[in-house]
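By written order: A, B, C and D. Residues from 1 in each chain.
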Amino acid sequence: MNEYIKSLKNQGKLNISIDKEKTFNWKYTKIAGPCSVEGPEIIDIAKKIKSLGANAFRAGAYKPCTYPVLKETNGWKEGLREEGLDLLRRVKEETNIPIVTEVMDPRMISKVGEVADVFQIGTRNFQNYTLLDELGKTNKPILLKRGTWATIDEILGACERILVGGNDNIAICLRGVVGMPNYRHVFPTIRWAPDLMMIPALKELTNIPIIYDPSHSTGYRNFVKPISNAALAAGADGLIIECHPNPDESISDPAQAIDYSTLNNIFNG
Amino acid sequence: MNEYIKSLKNQGKLNISIDKEKTFNWKYTKIAGPCSVEGPEIIDIAKKIKSLGANAFRAGAYKPCTYPVLKETNGWKEGLREEGLDLLRRVKEETNIPIVTEVMDPRMISKVGEVADVFQIGTRNFQNYTLLDELGKTNKPILLKRGTWATIDEILGACERILVGGNDNIAICLRGVVGMPNYRHVFPTIRWAPDLMMIPALKELTNIPIIYDPSHSTGYRNFVKPISNAALAAGADGLIIECHPNPDESISDPAQAIDYSTLNNIFNG
Amino acid sequence: MNEYIKSLKNQGKLNISIDKEKTFNWKYTKIAGPCSVEGPEIIDIAKKIKSLGANAFRAGAYKPCTYPVLKETNGWKEGLREEGLDLLRRVKEETNIPIVTEVMDPRMISKVGEVADVFQIGTRNFQNYTLLDELGKTNKPILLKRGTWATIDEILGACERILVGGNDNIAICLRGVVGMPNYRHVFPTIRWAPDLMMIPALKELTNIPIIYDPSHSTGYRNFVKPISNAALAAGADGLIIECHPNPDESISDPAQAIDYSTLNNIFNG
Amino acid sequence: MNEYIKSLKNQGKLNISIDKEKTFNWKYTKIAGPCSVEGPEIIDIAKKIKSLGANAFRAGAYKPCTYPVLKETNGWKEGLREEGLDLLRRVKEETNIPIVTEVMDPRMISKVGEVADVFQIGTRNFQNYTLLDELGKTNKPILLKRGTWATIDEILGACERILVGGNDNIAICLRGVVGMPNYRHVFPTIRWAPDLMMIPALKELTNIPIIYDPSHSTGYRNFVKPISNAALAAGADGLIIECHPNPDESISDPAQAIDYSTLNNIFNG
């Protein structure tokens, strides 16, 4: 153990061993679904995705975009929002699949919590500390997405912030980061790069489960399968994948969404 | 104008020209102060810093850290919080210097707004969209700190989010980013790197004022003066600098805080 | 195919399909050995490593370091140099294992070529064009290490430079790159990060074999096995791994060298 | 002085103080010229650039490109090569301005040295150690361009490698690096980013002169002036700038070349 780690432990840090028996069954680790809820067809999508082996379903009722969306289209404006939550509630009723969906603000915890089985903290809110603090006071499972900038310290610190609130029912969702020599021109949709080394790095320091997101790691659907395989080979506990019946027509992030056949190939291939 | 910019403009984006006549007097651009309010001596510190030429005063009543601070020391636990706000109120009463301080949560806007002349959005909350939305509904000046990961799109998008709420009284605070070939071992306190090219890049697209933060760009006090000079030479409208009467004793970020003499040298040298 | 790729192809670029039948048998893809030849014990090391399943042996007779080594120790000064080549010749005589070793200068090609079955181009010489040009005129297999900075364009360009010389007997060795949010303090020996997405990215554009180097990707021996597994899962054709009988006593790069038992575990586990 | 620096100094490293009295007059610090020699008009270009205040002239006779250039056009194929050297000789005869030009291979030192007053080591050859070794044995001034990946250790190590050969007549040319959150789409020609913090960082450890290259830092001509100003403000000793009579028609790197008027503005504005 190096001096830095020792000094953190002496300060009472990094004792982030969780009791896996008591947590969400992270054997539920094949999470899939579209980027956001786009309409009532979400129910059929969920049925299909469950049939392909997913044991949890992801879809954003709230879907933050880089630029604010100024005009609502068929009810969608950075998500269907409340209508999206209603549709996710119906998904749950009809399929009984656990729902993973984003909560963006402490004031939304109660409402989103009526539908979500797992609260997703989005990458932009990775260090939204008042949100982390409030989620630490709940007892619902948390999927904490890594910020695209996060050092290993910052990941451990964000986890600890939730844990000290009393909720140790968490998993870390690793995803692409900024900074690497780029792929521009050749693969223009790539905005981030996977950082798969973070998997063994975290495994050396904590037993918090790690779910890998190949979609937001690659930005390009052809790479989703090889990076999924790589993440599991490196020790990830599970995957969360964006899948859409017609990927190119996905309202958000179409370039990275995969179709049912590719999902089937990843989950069962 | 390239195709991408054109397409954004056609979508009604990037029309982010503000009316500088109506905004906070960003000629108030020599902002300085300690990282956080540490106690009642903040009043004398503010007097001194004002005497050195600062025309706004910065100090966090709320000071988020990488790891949660588990134990309060003399009232300080990631800031003095409410007590810190009270002290900033006294600073304002006694010195009449405008106060720049961080607001971390929509629920704190009203309370922090009683003291702050400028709301600072911290780097971790750069894409905390519900916070940006709520601040867009106020009419108080906003200093939006760049996230350490932010691309130019993300900076423009975050600004637009505040502007569409109705508040165009904003300035962008540029600071260090992650990702560059590193300085580790040789300069071990460096965690980020300045990205001064963002100054002319933003100037080409928007007239939003740019305040440069050399302290959180360098992480090392010896580099604060040359990077301050460089930022102004590249076109920045102003500076925000961490200054402490005894830099090495600063509770947070001691390695980057400068002393009064260096501040004097930067502001008047 | 995107516009950029199309335009490259129209210029006669990116037609970098090689005839695998005619190339070095890159089924020889379990390459292992110490960072550099340190002395006559290299022969026993090679025998042991061959017995663990390696089908090629790596060791530098010439071993460039970040700072020049000013004093020779037991003949070693950035490698044993000519003496190192002599020892590698004995390794080949006694074990019959193919030798992969670095050539740093066009003027050394002939001498190194007497021993090397595969010329390794080191990361620092990834864009040493006169070296690439000269190696393109040989017909010996080339293992081209990625520069720590290389974009996908630069990798393809460096390959093409060798190919146009007439030698299409090449493989790309991917290794760690600079730029990602860092692991400093927590894992202080890490200097680079793996970029495993480059594997499927290159596979989409070329059939040149890809050998992955987990040692120079991680800088820390505990991560060598998970990253080896990940690279193969992502589609790499083979591995090149630093292995030393007493890793901590390795003259160069001790933190990333693995022992025999770990190598056995990776090759046969 | 930190532990790492101390240990380097104890090993005899980092004593890289040069005798400025004995070196090339790096007051010759306004270097400008086109990316490469394109034809006989280079003589008029040099006259004009000298008249604008440049005290050294840059132009590549050898101009390495990312992809090999397969077809010669009017004699140009990654430079005019020998013909380019002849033209630079004429530039010198007619203008008496010192010539800065790249040498790519130890075998070219003698030939290039007949024309060059300063040997430029290109960014791709920043760690081409046999080239550095040979140049260390000459007594001609060296302009060492930073590799786009180089950490501060690597810069110091590369300098030391030349110095230990006996030649302390060197300057470091800083230029853009890979890795930062990117500018893609919005400013598509940007391939690197300036790292101006390296200026004060090197100044703290060595007195080797620093020449800043804003052209290869920004990749976009509009940013050349603000980054030039910033580099000088941060402490750079001089500038090296790409300037072309008709920038958009420059054979290589047109997007970053500036015209005479902008150069005049930077040198005399």
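As a convention for this text, a contact is a pair of C-beta atoms (placed from the backbone, for glycine too) under 8 Å apart; a residue touches a chain by one contact, two chains touch by 3 or more.
Please read these numbers as outputs of a predicted model, since none were measured by experiment.
For the interfaces C-D and A-C, the C-beta contact count is higher for A-C.
Averaging Cα coordinates per chain places chain A and chain D 45 Å apart.
Chain A and chain C, compared by their mean Cα positions, are separated by 35 Å.
Rounded to whole angstrom units, the spacing between the C-alpha centres of chain C and chain D is 30. Shown for chain D are the residues that touch two or more other chains, namely 149, 151, 153, 177-182, 184, 188. If each chain is drawn as a node and touching chains are joined, the picture has every node linked to every other. By the touch rule above, chain D contacts chain B in their complex via residues 2, 4-5, 149-153, 177-188, 190, 193-197, 199-201, 204-205, 217-218, 222-223, 226-227, 229-235. Contact residues of chain D toward chain A in the complex are 178-182, 184, 188. Looking at the complex, you find that chain B touches chain A at residues 8, 12-13, 64-68, 70, 104-108, 124-131, 147-149, 151, 153-154, 156-157, 160-161, 164, 177-180, 191.
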